[in-house]
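Input: structures, listed below.
Paired with subunit B in one complex and with subunit C in the other, subunit A is shared by the two complexes that follow.
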Partner chain A sequence: MAAYTLKVRRFQPESGDGPYWETFDVELDPTLSVLDGLLQAKDRDDGSLAVRCSCRAAICGSCGVKINGQSALACKTQIGEAKEIANRRDGGSEPIVVEPMGNMPVIKDLVTDMESTHWTKIRRVTPWLLPEGDPPEREYIVPPESMIDITQSMACIQCGACVSSCLSMEADPDFIGPAALAKAYRFVGDPRDAETEERLHDLANDPHGIYDCTHCFSCIDACPKGVAPMDQIMRLRRKATAGYEIDDHNNGMRHEHAFVKIIESKGTLDESLLLQESFAPGLKGKLAPRPGAIKGLIESIPTAIRGLRSGKMRSLPKLIPGIHPKLPGDAQDNVRRIYAHAEDHSVELNLYIRGEEAEEDAPVPEAEAVPAAAIEPEPDEGGG
Partner chain B sequence: MAGLKLAYWPGCVSRGFTTELHGSMALVAERLGIELVELDRANCSGAGVIAEHNQELADTLNARTFALAQQTGAPMMNICSTCQGAQSECQQRLDADSGYRAHINETLAAEGLSYDPDGFSNKNFLWVLVEDYGLDKLKAEVKRPLEGLKVGPFYGCYILRPKHRLGYDERPDRDLYLEQLIEALGGEVVEYDGARKCCGFPIITMAREVSLRQAGTHVGDALDAGADCLVTPCPLCHLNLDMQQPEAAKIVNRDLELAVLHLPQLVGLALGFEPKQLGMGRHIASTEWVQERLAAPAPA
Partner chain C sequence: MPDHDVLVIGAGLAGQRAALAAAEDDVSVGIISKVHPVRSHSNAAQGGINAALNPDDSWESHAFDTIKGSDYLADQDAVEIMTQEAPKELLHLEHLGVTFHRNEKGELGTRAFGGASAARTYYVADITGQAIMHVLYEQLMKYSDEVARYEEYFTTGLAIDDGGACVGAVCRNVKDGSMELFGAKSVILATGGNGQVWQPTTNALICTGDGISMAYRAGAVLMDMEMIQYHPTTLAGKGFLITEGARGEGAHLLNAKGERFMERYAPNKMELASRDVVSRAEQTEINEGRGFPDGTVALDITVVPRKRIHEALREIVLVGQDFAGVDITKEPIHIKPGNHYTMGGVKTDVWGRTNVEGLYAAGEVACVSVHGGNRLGANSLLDTLIFGRRSGEDAAERAKGREPARPSQSVLDDEQARIGEILGREKGSGRRVSEVRKELGETMDKHVAVFRDEAGINTALETVKRLQEEARSCYIDDRGSVFNQDALGALELGYMLDNAEATCVAALHRTESRGAQYRTDFPERNDEEWLKHIDLSHKDDAPEISYSDVTMTQWEPQERTY
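After this line comes the complex of A and B, so read on.
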């Protein structure tokens, strides 16, 4: 048994007051969870402390909160470890800080409104199968390996921890967000679905869609089930650009293509060329610039002029796209050779499915790299 | 301790839009007795964009960089959080699967290169300073303690998350190093909301407003908390926080003027270099306030 202090952000709407902090002293084994601590406080000190929970075993996804600023399930976070993290900087007796999840309204204390953000966004991506034609008389038959790709997104328990942690959503509440986009990939990657391209078109062209993700990795660290929502968003982008070549209104494909092309020809990044090619490849490439792209290019001009004036961009030539030097000697040829190989056929290694090798030279079975046990059954998607 | 020798990957931006970073790194390394072997044949890390396009392509390109570093016989160092993150992502896949690695090395063989995970290390300058050089040793080199200078740390996502990939299992305090470093240099840490958030740069060409709102919010929060400057180990964060600062100010609808220093610049100031030597005149947000602060007598 050990003593812990929980500093809880509380909000009791019926009181008419704003949110406030309250500390609770609890006593329990360090291997028990923060949720156990909260329930002890509710039991012994204040029955009005509101916290949502059900299974207490990281399966139902009900008890999402922020612990020391990190979005997580309260039942999956050991209280002893939470205390250590709270005191990392000072090594003292700082309390464990528990707050309601972010990016969603608080109903009461640690209970947030999952409906107005999370579930609304989930519904936004049409989270059901849209097969072609009438359903078969019996079950759909697909080869097992065609489903492996989406098992990671199927592991989602809809707890909202990723939504709570999302830094793009902080800046843009309309962002579809990590949970819903991971769910979208679950259907985009499903061989039974007939609307793959439509779904990708929709998500690539929505200004709050896949190109609104700022690549901050917060959702990867927040997810208690290893879904890595950002990785699923990157898969959606890969399918939209490399797979279906969807020339979206957000310049997502053009930016990616420009970047990839520049490294192939120069080895390192020519920033001026990237700006120009992302917005208006028509000036040098085949595609005609779209009106929005011209606007983007014009918006970048004040920044470029300031950069030139401050000497940041070295000199005028730095601003002229395309004169950036290649890698020396035969190095650039070798980069091109790598491109020729990888663009021809590309392997995608999913570590969620593959796992990491325990030992350095463990034998790798070729095709059956996926142990059956690693594929988790789809959990009840209604949980939450 | 014999001087550190490192295979040095400067990245693209430090030789493009932020040359002051590359220049100040060279000065600081020399002063600290760190020998840098520059990897001038190495290629862009892909910044996550190439991996988004084609994973094997990104993994092969970065394995090439790792192999070039290994040829020098020295551990690898970068000065860009984004390179660190993008390279670590590829390294994780390469290290996880020997069959996959063999396939990648086959492509590299034509150039006489091969990546061997055994003993390979690639660290951002921040990690090198704290873990390999040592903050006590650095303290002994300080000629001009940054007394009275209030510094807001800004890490950049790519050296913070995901923790498992970035060595936090063994080095759990990596997300506190900037604070430790600022204090070691005699400065004062400013706590503000944005230190570990995203600068927004990755979506600047795709969702400009959302991107600049992130940058503007963090700069504003740091100003409200009393910061004299920010310091960042990531030149891409620098682009959004400094170069785009006037544009970000328009989006968040307030005046913003806050110097954003590159990590080697902050270290260089404490080592006694003049702001001009460190290229501090090349920033968009004026660094004059920082210079005034350091020139003023230390507060009682």
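After this line comes the complex of A and C, so read on.
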């Protein structure tokens, strides 16, 4: 048992007053959740405190809120950890701050209107299977990996945490958004669906579609189920460009190709080359950049700076060509070999297919047994 | 007044399936749920769904396992229908888009589950219920014109006409507090189980037995209410479930001495014996001092290959990590039996019809009965879908050509007055709803659980009666209209107390041990006297007892060993 203070942003629509803060003192085991804390406050102090909840186990997707500014499920956030984060942030014994999710209107206290935002966007992506003709007598025969692959987006519980945290959505409320696009991938990646190309055209041509995502990683951080919506968006983009040659208005794919190309050739990510490679790839690009490339490059500078600040791009020296730090030993060679191996094995790793397990079941080329320590210094560089 | 041919109350698997089936019949359908449909508790089902689809399996084998699992209390005609129709239903789900696990050939693949003689459980990683429910919801979005959705509408009571037929329901729109009378030619209850009557439970906070209570008060008969399943593997304290899929994948149960104790209780099936058997074995180990000091035994999943754990049991990895701080791929996790499932419920025939004209029930709220004294794992999703669909079909058929329902305005007035009275209670006039709810849950878990006896059940029943009295004056803080969860909580408490009372009365009455009902004072099964259902109906504000026969087709009761 430990004592915690929850500082809750409240809003009682019938009072005529605006939102206000109220603190609640609760007592519970540190391993219990912020939701348990809220429910204790509700049970003991004020039954009018509104918060959606049901399963208590991160399954139903009801309890999306912001905790210390981070979008999360209240039932999946341990109160002890939330307290530590609150302390770290404010450097003292600060309360745990709980607010309703962002990018959605608030109905009451922690309850938001998900219908007008989240669900409307979900319906925007034609969220049902469109198979061709009548179904077969038995099941559709499909590659087992394809089902495992889309199970990652099926794991979505529609909690809205990603929507709440999405930076693009903040700038463009019409952006289809991470949850709906992850849902879209569930059909695009499903071999039983017959409208893959139409779906991709639709999502690519919509100015608020797949190219409206700025790659900010927020949704990946926020998602309690490992759906990694941004990854699903990137897959949609890849399918659109590579699979159907749909034009990429936003340069996202080029960025990704550049990323892969650099790592492939250098065995590590040299951020200094990244912007240049994305906008004006190769020698040809340097001599005759495609229209808009220079503008795009300049526009990216703020992102790069933000990346630096948030720690996504680790250090300034990395931006200066030539002095990019080397990985220890022959790790860089190994990374290159991993890329070559991965190219030959087109199934992407996801939640349900774990890379680490490869060692046990299918021996992989020795070169891939990179000591974990060798690549750890740059853990988030593989995320692009 | 919203008016539909078929009104479905509840939007879990049973309700959504019923609504879609009715809509296929070209009638107007409305579906109501007190939470957004995808928040329904069906998404908690991790393990899978049973169907004898493989050529080397048979519905007879599935039926026999189900009947044996039920300790011969299931109605065999209903079990036959469920197991015969299972393969078709499963394929239908696959065709709608459920991402079922495949074998190397790309066909549907299976896993083993408790009490089953063949591996016939189909699954989506360990999010089977969620995957199916989200796919059905996709279909509801697709058929928006055919099925009107009332999301976050709380049904407070059923509308019964002078002839005793059900003609609609009264609902409170949770978002703005307005009360509405819904008219319907057929009403299908699909409100799920009552796990919250017990604390702790694997069930969600919304599983408060609303439909069971509303139907009972509307004149419907309840059946098998003493049959409450305790699941063998739940986390101590919080009640979270570790899916049976874990044991299906080969996990072991160990006592504190490290013994694989199931050897002594079910030497053939070991960990995969029926749930009642495994739960009793664990509780015996714990009671006789061979458990851990925290009143648990251990589930050892580390014997399952890691790759398989990540592919098929990821959700449990997360539950272990987030809610118990244990990495299940590396160490055993402490578990105990915990409240899980309501085998009993509103008595129906094989088309979901109750004894009240126009009222149907399907899913966990209903008792057809296909589970009898003990439900097999992965049979409940099947039950919700098969009988959800059948109810939807029959309710639509019944509605066709019938005059629109005319529920009386007075039902609405009564319900409004009831809530008004709760809102008007003076602060401090009684106990808090949360206190009463907690006392109820703890009492039931103590006395009406894995092992029961007369004295214990009597204590529980007396407590329930006192709490019913106290609930009448419980006060709430929230007087508002918008999202007044406080008021709804007070209503739910009333429903839960009805459920508890029914369970105590039936458990006290059945003086034998069968399935989930284990009476230490009557430890034997007694087919002579008790191979029958206990039926309860609402009379003078208490359950009145009667009996009905168990339907037998081809399976004679045998001794049950695993």
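Definition applied: the second predicted complex is superposed on the first by the 244 of 384 C-alpha atoms of A that agree within 3 Å, B and C clash if a C-alpha of one lies under 4 Å from a C-alpha of the other, contacts with A are read in each partner's own complex, and residues count from 1 in each chain.
Throughout what follows, contacts are C-beta pairs under 8 Å (C-beta built on N, C-alpha and C of every residue); 3 or more make two chains touch, one makes a residue touch a chain.
Predicted, not measured: the structure shown is a model, and the values here were computed from it.
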Touching A:D46 in the superposition: subunit B (first), subunit C (second), both, neither?
second
Residue contacts with subunit A in the superposition, subunit B compared against subunit C:
B
For A:H215 in the superposed arrangement: first (subunit B), second (subunit C), both or neither?
first
May I ask you to decide whether A:S168 touches subunit B, subunit C, both, or neither, giving the answer as first, second, both or neither?
first
In the overlaid three-chain picture, which partner chain does A:F11 touch, first (subunit B) or second (subunit C), both, or neither?
neither
So in the superposed three-chain picture, is A:A242 touching just subunit B, just subunit C, both, or none of them (first/second/both/neither)?
first
Take the contacts of subunit A with subunit B and those with subunit C, and give the residues found in both.
351, 354, 357, 360-361
Which stretch or stretches of subunit A touch subunit B in the complex?
88-89, 167-168, 170-172, 175, 207, 211-218, 220-221, 228, 234, 237-238, 241-242, 250-252, 255-257, 259-260, 263, 267-271, 275, 278-279, 296, 299, 302-303, 306-307, 310-314, 318, 324, 327-331, 334-335, 337-339, 341-343, 346-349, 351, 354-357, 360-362, 364, 366, 369
What part of subunit B is in contact with subunit A in the complex they form?
12-13, 15-20, 40-41, 43-44, 46-57, 59-61, 64, 85, 92-93, 95-100, 103, 107-108, 110-111, 117-118, 157-158, 160-163, 172-173, 176, 179, 197-198, 200, 202-203, 205-211, 213-214, 217, 243-244, 246-247, 281-284
Sort out for me which residues of subunit C touch subunit A in the complex.
35-36, 38-41, 43-44, 91, 94-97, 99-109, 124-125, 127, 130-131, 134-135, 138-139, 141-142, 151, 175, 204-206, 238, 240, 305-307, 310-311, 314, 318-319, 322-323, 325, 432-435, 476-486, 489
Contacting residues of subunit A [partner subunit C, same complex]:
12-14, 31, 42-44, 46-48, 50, 52-62, 76, 78, 107-109, 111, 114-115, 122-123, 127-129, 131, 135, 138-144, 147-148, 150-151, 154-158, 186-187, 190, 192-193, 351-354, 357, 360-361
